[in-house]
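As structure tokens, the structure follows; a few thoughts come after it.
All chains are identified by letter, namely A, B, C and D, in their written order; residue positions are counted from 1 within each chain.
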């Protein structure tokens, strides 16, 4: 960490400021120029708070050279993390480190018939995991809020019937008691900085699918992962799902350059949700291909057997047939990228 | 709500689609043009889900004419809502409907001495309520997370000593049990769409200070208020605190045009947080004045007796002396606006 | 176009308003609901100004169903436009309609040696066209502004030596007199809405490479193309080059979903500039692959023989060797997409 | 300027790199830490290009401590710049340094009657200058493009009749020949980085009203001013007119915190355009007051005698009566701020 001091900083004041910093466990190197003094902090600066520094009257600018996260940092953990998820069918699905995770299913669980049919169809097409929402975060209190525990039970039935591991969103910590048989817990974009929830989930030992917030930087996403990992949970899957920009031709703007950026900074797998990012079913195939080409470790796609009758997000769901066609193409892209589905 | 159908929509299909809609309790008016049919939905469309409509293969565009919120809507509740908060000193503070709420205090409670000293100083300067964080949402798991229950107890001591009602943030619903003597519960920007939390707080009967999310539209803010109000809590204060944009000269971009926009659409009071919006102490006076001039019903300002030593957000805190100076100026602006402090 | 009127609109006023609209060449269909009248405008609404409508006291909302552009619109020109650019070597390069245009070269022309060397290298690697800046738009008046006419002459020498057609930016209309032998004229992102320039270039009969503005919607990009096409120039290549968002991990945010969105709405070819979008050389390969996978008709990439010594934008330039490696990979992606390089 | 080098930078390489930098006229101070070397550049770094530095393989991060602009910089010119504009009536209007400039008039000049009537009305209400567009930048080539030279002549007639100095937009440099009697030349938001235009206008000796681009940072705005000032023109007025964000409740998001930020960094006057920023007439008064309260040196407001019939931007124009009412209020705000109208 480098701290540029104001031009009029007095020598004694600077010394006092520096010794206060050294008490936080770092060493200070001084660079006293003709007009400005620069401090270089050597050691572990993870615990040093940039904002507090900026409040100090001597400080002009602060530049962080080290990243503020450790456990999620590839520098301290060079090898790719691979998430292994065993299915009820005895097959283990892998995500990361050369394996593409393909997660598919409806936005919401709506009925036994619907979820079992979609689960069978996406498995047949080659999906490795089943997604489906039971507890739904909705902008309006008057919109369908998901089937709750009943939905979760139907999802578990689909899991039994197909053997597919399941991914579903947890919205509050008290729901954890009914998530026993859930294979991957999803933290939604709106909860990415629900720090209380992150701390609790850090204590749990299931893989977490952590979605990037609508207006979160990739550093903030990694800090959210760090919250989970600081609690001891190291099975984290990151998910890019579009950010909010001035542009409204898609629901959000899919930030595919986040894939190489994240992959360089962290060892955690990174997947893409083209359905929520675009909000438009016919764009899903193009953006799925682009995600794989950009280096993603998988995708999470909404598939519905009858999008027009979907109780939520039907406009972004593709049909099982379309998903089957997409899988055929993605296998070729995976091969080009040297990855296994 | 107006639905423009695709140009090739068949007459029978359109009739079927329309009768399905009518089952949701609205009346349909048809406008069959030479090339395109337009449906006008009359009645309560709050419950009709735009996204589901967009998934239908007949639908080209949907335009919502009515707002999707009701209880927060000025159309159904023309008179300004005024929030009344009695202090331990027997004085009732008002926010909204001609009264400016002035909420001041440190970002975090740090010690008995600090919070009591700041509380006394801001009261003397004319603040009506005391703010102070006990549970702090922090980007890094390694940053100071607030003093928790101990902090809350110190805040209650400051309340007793000064009589000022207190405002503090609740981060998770289980904290509610220790919030008995808190006067206004703050929902932070990152929790604005924590729908589980909103539903629970809707059942409580304390005023809620609801901060706008970093990337939330004003409709989304009003829908979050609607979640609270749908539960029966009608004491909601909205707070503009800056949005995230490309621009980084301030921490966030304070959207003051949200003030007149919100005031036209809702009867709820709207206040401004210039400290978090800008993240820069010396900008707080200018933006406080501008907030009042734009029609805000109050401000919430960070004041710290020693900003340089603050454990959090010191760079945006003003001193009690600066706050005193600001209050002198704000009284003149309040007078121009015909409002009471 | 659909116009929702205010609820209290009087019948006579509405009739007068409608007949005024009919004088602009459209037919009006009325839908008089219980509480609201909706007008449907049938005919060519390209000339009708939404903003003027919104100023009318009767009007609540306006929804445009037809796009405001015609010549750029795929509805009126379903077949893909292919741009053909003959080189000095007798070979014609194609962009669009199944052909990928690969444009490579340095940000700025710096010397004869540099441009000729890079031109030879990118041609050998398989680039179809040479880019190089002579007139450079720079944020600071103190930065290198390009070699101007001298740079242009060097570019023409490289064209002669390699036979590659050349692409270079024109910043002001008076420069047109020295652009005689330039094969494709680039309009930079900052000039995308320099309407005077667009009008003049609409009269010229060379292909135009039109870069999307940093904060331009895709409709605005298509309207800028429409300015060029309204003047009679129908050889327009659109270029996505990143938009400005809150996110700063890359210089701009590459909006790859703009590719399928544009391709659906227009017949014009769409290419991608991964160098300017990311500003980071090591990201260029990943984003180039993703661009092709998303359906782009080509890429424009910065290649420099000595990026560290580049007078501008070196941090985003790849070396000729890296470009050679990238081309090998892109050929496989092109094959998957059924496109020719 | 501070340059943090990569951790593995070799000592000899660093010395070579440093001497290359010293040839650009700066002195280098070394800070060699245990793991990282930091260079401090002392002297005039205005000419040093950050982007070139970032391309160097030794460089990890660059932090600019000095601003990259000089002539616009308050550090080198502490006193406020005041722009003096004499009217045809012998009265000199001042903008900046304690004087509020009030510029009002229609978006476009439409007829002699219209412009003369509005000019008379705004003068009577207390405006100091008349605005009116003759050459109009419009998103669509099919929209009204302004009356051109005819419009300019009508504006000059209004100037003669009322004595008010006039402000109008120049879109291309060749128009300068008809701008002889224009008092202040406006550079529109879309031309803020039309560097060719800025260079030419730098040679002219009239005040320039420079509007902030839709996605421009305030540093970029100051660099655009620097382009003008580098040519010798020091009469620059900056104008905040809203930036493009995710938020669409107003046309753009008025960034009022830019006012104190700019005023601290530059000596140039800063005014606000609430009409274009919001695009909504009824918001203009609230945002005009807020602008003055935030420290603006004036406003530029659209006033039209018949907004509903305006050929452009009618939805954001207020009537002369509304303007008169607003002026009454603004005088009180000016008084509070200690400024003269």
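The rule is simple: a contact is a pair of C-beta atoms (placed from the backbone, for glycine too) under 8 Å apart; a residue touches a chain by one contact, two chains touch by 3 or more.
Predicted model, so just to flag it, every value in this text is computed and none were measured.
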Could you give the fewest steps needed to travel from chain A to chain C through chains in contact? 1
If you tally contacting C-beta pairs, which comes out ahead, B-C or C-D? Let me know. C-D
Which chain maximises the distance between its CA centroid and that of chain B? C
What is the distance in Å between the mean C-alpha positions of chain B and chain C? 40
From the C-alpha centre of chain B to that of chain D, how far is it in Å? 32
Centroid of chain C to centroid of chain D, CA atoms only: how many Å? 27
Residue ranges of chain D touching at least 2 other chains are 215, 244-246, 248
Help me check something: in the complex, which residues belonging to chain A touch chain D? 2, 4, 27, 29-36, 38, 40, 42, 60-61, 63, 65, 215, 244-246, 248
Contact set on chain D toward chain B in their complex: 215, 217-219, 243, 245-250, 253-261, 264, 277-278, 282-283, 286-287, 289-295, 329, 332-333, 336
Using the touch rule from the top, collect the residues of chain D that touch chain C in their complex. 46-47, 49, 51-52, 54-57, 68-69, 137-144, 171-173, 190-191, 193-197, 199, 213-215, 220, 223, 226-227, 230, 244, 279, 281, 307-308, 310-317
